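In the two assemblies presented below, chain A is common to both, partnered first by chain B and then by chain C.
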Partner chain A sequence: MTINNLKELQLKSKLGKLLKIPVIGPILKLMIILEVIVLFPYILNIFFYGVIYPIPYHRQMWSLLLSTFVFEQTLRAAIPILLTAMGGTFNERAGVINIGLEGIMLVGAWVGVYTAIITGDPWFAALMAMIAGGILGLIHGILSITFKAEQITVGVAINLFALGLVKVLSELVWQAQYSPQLDPEYKFQRLYLLKKPILGNILKYFTFSNYYTVPVIGPFLMKLPDIVTALSNQHILILIALGLIPILHILLFKTSIGLRIRVIGENPQAAATAGIAVKRYQFFAVILSGVLAGLGGATLSIGNNSSFKENMIGGRGFIAIAALIFGNWTIIGAATASLFFGLFIALNINFNSAVDHFYVPKPFIQMIPYLATIFALSGFIGKSRPPKSIGKPYDPSED
Partner chain B sequence: MSLQIDLIKAKSLKESIYTAILSIILAIITILVMITIFNFYNLTLNMDNLIEYGVRDILSNPENIAGMLYWTTPLIFSGLAVAIAFKAGLFNIGGQGQMMIGGLFSAIWAAEIIPKSGINFMNTKIFLIPTTILIGFIAGGIWGMIPGYLKAHRGAHEVIVTIMMNLLAINVATYLIGSNSYSPFLDKTSKDAHSQTDKISPEAQLQPLFPEVSSRLNISLFLGVVLIILIYILITKTNFGYKMRAVGLNSIAAESAGIDTKKITTLTMALSGGIAGLGGTFMVMGTYPFRYQIGMEGTLGFDGIAVSLIAQNSPFGILIAALFFGFLSQSAYNIDIKTEDVPPDLLYILQALVIIFAATPLISKKIISQLVYTKNFLKKKWNQASDPTEEKQ
Partner chain C sequence: MKKQTLTLFLTMLMIVSWLGMANSVSSVNINQTTMKVAIVYSTGGVGDQSFNAAALRGIQAAQATYGSNLEVVQACDVACDYPDITAAIESYGSDSTIDLVIGIGFSAGDGIIAASTANPSMKFMIIDSEVDAANVAAINFKEQEGSFLVGAMAGMVTSSKKLGFLGGLDIPLINRFGAGYEHGARYMDRDISVTVEYSPNPDNPWGDLDGGALVAESMIQSGIDIIYAAAGGTGIGVFNAVAEQNAAQTENQYYGIGVDSDQDHISPGNVLASMIKKVDVAVEGNIVDLMESTWSAGIVRLGLADNGVDISPMTYTPTEKNAEYNSTHTRWEVIEGLKQQIINGAITVAEDFSEVDSLLPAVPGASSSESDDGRIPYPAFYAFLSFIALVSIIRIKKRN
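Moving on, here comes the complex of A and B:
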């Protein structure tokens, strides 16, 4: 071992010690990750424009990263991915791989808009989207659990099926490949909780903007994203989705149902020996995943947007799969990864206008989630290990 | 996370033909049920037009038969790409991205680099056609090799990596030809340039075989057939093909028998990607606008999975299966042009259903065993009825 290596080790251990300190550690970790996110486009920009002054670049990038509106856009872009990724985590933890999440989202989006137009009730529309997603999940389950089909192939087929179905139904119902614009009454509108009479007054005390005039911490808070304001400006589905993160985490990691699902994913034979009804739990996981993906699609069509287009999912179902892999098959991990992917989507919208001399073409920023997933899977970033029996149908006759 | 051995294992010819035909029949029954449900909700389709333009017109009109063969060509390539990966136990669902990259780079080669290089001897048929094909093969091959390499050396699951490669391919294409502000190879000659390369040099265009019947049918179909024969020889008669099958059936056994499984995995994925890339290349070289346009391959890359499943991965079966799916594609195309009462995407649903039933051999197995049982039962009854002496015994 050379001296250089030793020095590196020392540095690493010092950094490691710093990262273990309770409050400062996670913040430091987040700052390092964000700094990487800031540096990467800078290096790319060298190829497309040339070297620019790093200090103004850093100032503009960090103020963009920590601005309230980017935080708001991040949430909106991330939530459809987040819902689908959390469902997909359940699915894969139960040993069933579902490539068809993209198609399920698409059908969810269609059903959401269709029901909203017919009934005018967004809540009912979201419910129907969830049911439609659940039905597609059930179909995936019947094929891959009961009939032991090749799961990946069935997933691809579900994607193609959903695309065809949605196109045919749009053509038959609206005589076009897109839906008419929804009446604002019929979709989930933004809440603007701060403007509500009583709740707004209470929430105001939790916003950062309320304390901007306070001498010492005011200027500091001004630099941070105003989380409560950003949350209160979203539509209700986003808040529900954020609330689902801890619920699903507890369901998967703290309850006996979750434990059984995880055991099934690792070793279904052992689970069956222990008296667990393997297929019943697998069906539960697959249907839950379909329901969440359907809701994710509806979030996109009757929450973030107000119409349906056939290409509106645009690979978000696949990004959700990427997110759950990146999150190492945990709910919190999948949610964090989805939020990061959402951050990239939000940054991509604002990069060129907010940062001077920034000419990196948008596709390069869009590639980052996919590249990151490939690196994560190849073991270059962290370690990601799939559940052991994923993709294999459970066959009681095997040992 | 491994492929089911069911799909790789060789079946008897009779069994695979039964399975293929049954899954097609089941898919047709399902879609008829769906149409009935649509009718129930007053979303009426014109069935007469569906039969007229979707089936009868295709089989009677020579132009449509040529169109069907035209669609068959890329399906042969994407089907072969999936099948050859299956043989080595790999699942290449990146055919879509590999086709895209193959088509894109060969179009850039034949439309931008060579004609604008100003070297005249390079801009001739004898140089340009082979090199364009080669570029498509290499570009697709690299796109397929990356997942293969990562699978072999880093243990990354090839399905997820190929999905990511598909999405990356879309972004690469968007960068190269998608935007007015930064794309280096966007078509600059026409005013309404929209996500496409320039027209490829006339020297690289494949001429139609029967110009009076159809402008879309060219030599690439026969190249596809030749490739099928070559792949058949490669799989069954060569050392490499033997090793590939050994890895596909049991990679641990192959490893201990001294086969370099990592090399075989990487090379198979590269070959598979290259073949898919050729599909994209021939679409660019042989189809009317003679340029690469984003989205021109539709879902042909994914349809290759259907082709390969129906053909049970046998190279010659792929020709028949590709003809069937070519028929469906032309049918959709024809419906789209000629009638407004039927949404053409109905046939894409049919394709997806065929994949579902072909990927679920258990359904058709159950039906076959039920049919055999019924047949034997009826036979027994018939014998009893016709031969009264048997009953007494």
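Moving on, here comes the complex of A and C:
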């Protein structure tokens, strides 16, 4: 049975019809996805512990999934990945693979902490991290676009270069593998908007917790994550990153710049024939990707945390690449996939305390999003299609 | 005549050479010979402010004592990888001019095992790894005893009676920290509960700053106010989260507890105390043993009695340290008393979480009723499975 047949069958069934209804359909879809997320650990737990009673398990699991705190932690864990994945989407849409995102994040994190210690201004530190990321992106561009080097090799070289650079600089500046802790004023502090005098009073009307006492919808709202409260407890970089999602989406899919970038990723020769300066747009995409990855690194070091350690990125750059592939090379998709990965980071932390008799080792929970990525790549979930000329350096002499 | 002269000459030569030999032997006994020690640091390099830095202090102390009689060569003083450590140990191990090869941390384990089997006459020393060989001195620590002290301090300081423990990995070495901590805390107050968590990213258990911060937030959310982090760099994420919480509000005071070296200075005022593993004492002691020819192989465990572990002097939290525990003793005096009791053997500290309950003094009237384990009885599960199978068979038959 091919995948298309399976899809037809799905659409003909009662569930398929239900999923097509405007408002209920998407909610139902989300619930099915969440139920799969709930069921998979249950099945794993059978192997590691035994068959536990499903109803208390489901109750605890769903209340964990829909708790405000997990939502808050999901955002915090996902945003560095999200920023990097969105930048990577631009990069790959312009036909350039950037494996070096991990290294760029690392340098961004280092520059962020160093600048924040020197100047005491987190905004300036974030700007410097973005510039440092942009410079690394530029190096990637010069090597892979101007000199047509193999893009994966260049990316790996950037990762190794960044790792070595950061080690040497840390030894030079701090004589240690990690930085001293930043003063709370030197980093992006959490906003706690609800506690602010005027804005808090306005925002209060948008929180669910304000309506818990209302008869009919109150108990229902109590079960859902309180989105406004969770957002108001974050630091400003997280809100900026969330605001960047629609902006970058419009830039890539609704403007002429985005159209040209996408055309270059599909067929650079055709784009050149149409009079587009191929290399200039590729450079733009690569540098933008570096800037966003640098900001992603800074989000980790001076937003979520207040110090630097040489292995603090720990593969988040590669997770971002997985997220943009899982998101099918679109901005919205990459953002959703990053939030999905972040959800698993948050769940992994809160599983043991929130769910009784749950003894699945952490690596198994952690691998679920990557399994999903592999399934997405192999065509089980939707259709995943990379830009056509990805990884091939553009050579104007070829035709 | 000629023959006699020759014989006399040869005899004199022999006597002189004997004297010379005797002289050289006696010089060994009086002055120490030059010893050459090779040290291979662990992955972080000497800038890790922890294990390697402590080992370097031990080396420096030994060099200060023996001066030019002690020659030290070192590798991996700037951060290097696991294969590099193994290669460095093996090359030092086959070098006959070296008398003792020191490996730091369990990342040196493979190299020490390989080199010690290949060179049975060479002396080896390893920290924190139970290598059992005839020419290896494996120095381990009774981490549970130091953790007992910080646990007892946390048990006196906590106001919510909820403590947290963040370990790097679920392994016996790390669980010794946690068990000692829980034992110490519940020794002071039976009602204290200790929540145990492990580093959320097992690929990067010792360096995941953000993971540590997320775990700490999750613990603080559930009412925990003191978190003991035995997870290397992940613990620094815990300090970051604690510092952020303390800066954001003033109702509750949260603390982290450091590990391995005195980490109180990393976040002054936010780290209550640290459990110190005296790697410097171990390294220095082993070199002294080598110089005094009292070196012996075998697995050693250094505890409080051997000055191997300790609680930090709490330089940045003096008010908590000197607060009154009861009318006669301050908290620090209580800790000193507990230290003596452990050294005397009056308290045996738990090495695993399962031992804590049995080692605590029995509470009269406390019922130890085991709650249900949450498993569905297997017959019921199989009945359920066969029910599903039956239903699906019927449905398939109907369709056909």
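Annotations for the structure displayed:
Following the convention adopted for this analysis, the second predicted complex is superposed on the first by the 386 of 399 C-alpha atoms of A that agree within 3 Å, B and C clash if a C-alpha of one lies under 4 Å from a C-alpha of the other, contacts with A are read in each partner's own complex, and residues count from 1 in each chain.
Following the convention adopted for this analysis, a residue touches a chain if its C-beta (ideal position, glycine included) is under 8 Å from a C-beta of that chain, and two chains touch if they have at least 3 such contacts.
Please read these numbers as outputs of a predicted model, since none were measured by experiment.
On the superposed chain A, the two partners chain B and chain C do not both fit; they clash. When the two complexes are overlaid on their common chain A, residue A:M312 makes contact with chain C while staying clear of chain B. Of the two partner chains, neither chain B nor chain C is touched by A:D395. Of the two partner chains placed around the shared chain by superposition, chain B is the only one that A:T373 touches, whereas chain C remains out of contact.
Legend: residue contacts after superposition of the two complexes on their common chain; A:R76 is shown touching chain C, with no touch to chain B. Contacts of A:K167 after superposition on the shared chain: both chain B and chain C are touched. Using the contact criterion defined above for the overlaid structures, shared-chain residue A:P363 touches chain B and also reaches chain C. In the superposition on chain A, contact is made by A:P180 with chain C only, not with chain B. Across the two superposed structures, the residue set of chain A contacted by chain B and also by chain C is 167, 171, 315, 361-363, 366. Contact residues of chain B toward chain A in the complex are 1-4, 6-7, 38, 43, 45, 91, 93, 150, 154-157, 159-161, 163-168, 170-172, 174-175, 178-179, 181-183, 299, 302-303, 305-306, 309, 343, 345-353, 355-356, 359-363. On the side of chain A, the complex with chain B involves touching residues 48, 97, 99, 143, 147-150, 152-154, 156-161, 163-165, 167-169, 171-173, 315, 318-319, 321-322, 325, 359, 361-364, 366-367, 370-371, 373-374, 377-380, 386, 390-393. Considering their complex, residues 44-45, 47-49, 78-79, 170, 195, 197-198, 200-204, 207-211, 213-215, 217-218, 221-222, 233, 236-237, 239-240, 243-244, 247-248, 266-267, 373-376, 378, 381 of chain C touch chain A.
Those residues of chain A whose C-beta lies close enough to touch chain C in the complex are 49-53, 56, 69, 73, 76-77, 80, 167, 170-171, 174-178, 180-181, 184, 189-190, 192, 300-301, 304-307, 309-312, 314-315, 345-346, 348-350, 352-353, 356-357, 361-363, 366.
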